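One structure is given here, and the rest of the page talks about it.
Going by the order they are written in, the chains are A, B and C; count residues from 1 in each one.
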Amino acid sequence: MSNSKLAQVPSNALIPERDLDKTPVLETHHLGINFGGLKAVDDFNLTVGRTEIAGLIGPNGAGKTTIFNLLTKVYQPTTGTILLDGKDTAGMSTVQVNKAGIARTFQNIRLFSALSVEDNVKIGLHNEIHCGMWSDIFRLPRHWRSEKIAHERALELLSIFHMEDMANAQAGSLPYGAQRRLEIVRALATNPSILLLDEPAAGMNPSETSELMDNIRKIRDTFQIAVLLIEHDMNLVMGICEGICVVNFGRIIAKGDPDEIKNNPDVIEAYLGKKGAK
Amino acid sequence: MAFLSNLISGISLGSVYAIIALGYTMVYGIAKMLNFAHGDVIMVGAYMCFCAMNYWGLPPLAGILLAIIICTLLGIVIEKLAYKPLRAATSLAVLITAIGVSYFLQNAALLIFKADPKVFPSVVTLPNLRLFDGSLIISATSIITVIVSAIIMVALTLFVSRSKTGKAMRAVSEDKEAAQLMGINVNGTISVTFAIGSGLAAIAGVLLCSAYPTLMPTTGSMPGIKAFTAAVFGGIGSIPGAMLGGILLGVIEILGKAYISTELSDAIVFAVLIIVLLIKPTGLLGRKINEKV
Amino acid sequence: MKKLSKNAKSNAVTYAIVIVFYIVMQILSGSGTLSSSLTGQLIPICVYICMAVSLNLTVGILGELSLGHAGFMSVGAFTGVIVAMSLQASVASGPIRLVLAMVVGAVMAAIVGVLVGVPVLRLRGDYLAIVTLAFGEIIKNILNNLYVAYDAEGLHIRLLTAISKSELAEGGFMIINGPQGATGITKLSTFTAGFLLMLFTLFVVLNLIQSRSGRAIMSIRDNRIAAESVGINVTKYKLMAFVVSAALAGMAGALYAMNFTGVAAKKFDFNTSILVLVFVVLGGMGNIRGSIIAAAILYVLPELLRAVNDYRMLFYAIVLIVVMLVTNNPTLKNGVNAVWTALKGVFVKTVPVPEEGGESDE
């Protein structure tokens, strides 16, 4: 269990105390997007510390996945700025923000399902290994070198979730939970500084979920990266997140540590309706 | 005067493209697929009408009616046998199947009617219109073509906006699942769409061959592809777009032939398609569709 | 010794099929067992196998439908003819001229591939397919109106207006004459050249697929959005697959043209593109070995069965539809799989006693 306290940074945001002297890995200012006049996300301000595990929660349709799509530039924001390691990502594409350090998983799993588990991870390693088309076609020494590195790194990453044995299996044929884990491994392979997980525990049973929680912590500790996750499983969110941000109707309604969020009347109302607030 | 004459033949050819484009655009709007075989349904319609008039001695109107009936049935059969089983498949699979259907129709026609071109007798027997002491001659076929396509256009717009089936078509095109939940017979609606599109293709086939009387098994493929271009040009899924795109494309083709190069006229038409898709992939009157992540 | 990987084994089988095919055909034609019509088809078979393998790179591996593959073939063919005929005087060796023709043909097809690919690959799905078709038609249209001649002053290239013999210097000759196409080609292609081209095409395509670049290409096919999310430059790898595919088609085109005394642009029309697509679809999209076998069988079959030659195209059409329905409709797919498993069961049982089960029937 993390017992870190949240502390205020100059922008009034809260991050874990241990991350205070470092640039926040992710900062958004007044982020928003309109879909044909509808403000799907509005004035979204979030700061994530360098090694923080942060949670993004809210009722269905609150705009959580849209926020992920904005951060990864699947959608270009209508307003506001996103700072990654203090650098503005305006005008960047999905590919560029990934190279700059954001990796993600998807709510509806998006694996390269016809390819092997190992190939899925190797594709994640794409920008970590260097080998051009000609070296590949004519099997120059560089090809063999980079393939060897890719193979070793892929197995190493798979071992986080004890998936080395499945390396040759077809990704699409894996059980649901394993597919979710593979997506996380693939995202990690891109060597991110922040990992965005979209409902990582969806469809997992309680024992799988608790293993996942351990693994998320392990990933943070080993790679010293931040994790921002969307999740409906409150045990997971309250169990591992240090800072939690609650959104409803595209706007932030509360921010704080798990205890603050649990007792926040606005949050209870958003989840349970007015009557539940009593 | 030569320009005016070219313009009129352009509008006339464009009207035919427009009728064909309507079929593409409706099917694309509702089934979200490019019915590559649509052009070949035109050819089938023209052959039917040709047979009715030449071999069976029927009057032109009966020939047209027969062509419409046969093509409507053909459209429904194609949809049921080839496309319906692939509702859930990738667009690549559906497109390849559609190409297979197109190829099948062409080669079946080749076996039945042989490769030699037939001379199609015009179904329009009215005299040509002579203006300015005969310096501008407008063929009756041109006039009828434009009038017929205008009528079809109005009728179809009314049908889609007013009738119950038309409303169902619009609902299915917006959201198949939601329409199903509202009690709309999605498969039936898609069948009706194919039926209407194919019936229109028969009319287009007869009009096309009345203006350009060479009838071959491949007669439909080029106009088919060009009409698809027109549908994209106007904005795929949009009925007025198909009309506008068709007429513009017909005019561009005829003027290109007259003033740029006869040999390269096809290249010019395809260049229009490419330019439109690159600059405004949604076409002149189309809507943007966002991909869901 | 490291154990051979699954890929390496599979590749070895694929190369072996091509090598065995070559050796068997050489023996058969050497001993005169092969009919003259079939001997004449050997080079086209090689060409169409290369076409199918290269198209599979775009359709099966990249997952985008290209309907203009014959266009790249024609660019390679015409470029190859121009190179080979212009070098007739300066390069005496036929094989060297053929290689030069094929290399320049491939480069030219690659250049056209880039010109076509850059705008086309921004589009998706059906639009992309229809635009490749449009480009294929534009290429055919332009080549149909291309006039090229060669004389002491060098190459004369004109569009639309014919070049007459009287305009050329002494000893000059026409290479490409508009709709008539290229005429008076010296036949340079050999079956061995076709065999080597097949090996080269396989080498390029298999090595590309089983590498970092190939994985990136396949990731786009499987899930474009996920590919972008892990930093794959979608445009770059789409273009790579498309251009490599075009270059290989150009090479095959050059070999094809150099097998005849004359070749016209209309030979490389939409029907040719579809023919190659049928090979790819029947062989299995993404299955390189399947493309080879399908191309060889489907190309030869109608030649062997003259009587059904009229039905050849109809047969291809039905193959396309049926294969697509069976592989993409869940109900049909399961049905076929069930039948297949049942057949396999029967087959496996008969394996220990092949002489009784297999041959006594005949």
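Definition applied: a contact is a pair of C-beta atoms (placed from the backbone, for glycine too) under 8 Å apart; a residue touches a chain by one contact, two chains touch by 3 or more.
Keep in mind it's a predicted model, so treat the numbers as computed, not measured.
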Chain nearest the overall Cα centroid: C
Farthest-lying chain, centroid of Cα atoms versus that of subunit A: B
Mean-CA-position distance for subunit C and subunit B (Å): 33
Intercentroid distance (Cα basis), subunit B paired with subunit A, Å: 49
Geometric centre distance via CA averages, subunit C-subunit A, whole Å: 44
Of all residues in subunit C, the ones touching two or more other chains: 225
Multi-chain contact residues (two or more partners), subunit B: 293
Overlap residues in subunit A, where contacts from two or more other chains coincide: 74, 106
Subunit B to subunit C touching residues, read off their complex: 33-34, 82, 85-86, 88-93, 95-97, 99-101, 103-104, 106-108, 110-111, 221, 225, 228-229, 232, 261, 263-264, 266-267, 270-271, 273-274, 277-278, 281, 291, 293
Complex interface listing, subunit C residues touching subunit A: 6, 203-204, 207-208, 211-216, 218-219, 221-223, 225-234, 240, 244, 286
Residues of subunit C touching subunit B in the complex: 59, 63-65, 67, 119-120, 122-123, 125-127, 129-131, 133-135, 137-138, 141-142, 144-145, 160, 225, 270, 274, 277, 281, 310-311, 313-314, 316-321, 324-325, 327-332
Residues of subunit A that touch subunit C when the two form their complex: 72, 74, 93-95, 98-99, 103-104, 106, 110-115, 119, 122-124, 126-127, 129, 131-133, 136-139, 143, 146-147, 150, 168, 186-187, 189-190
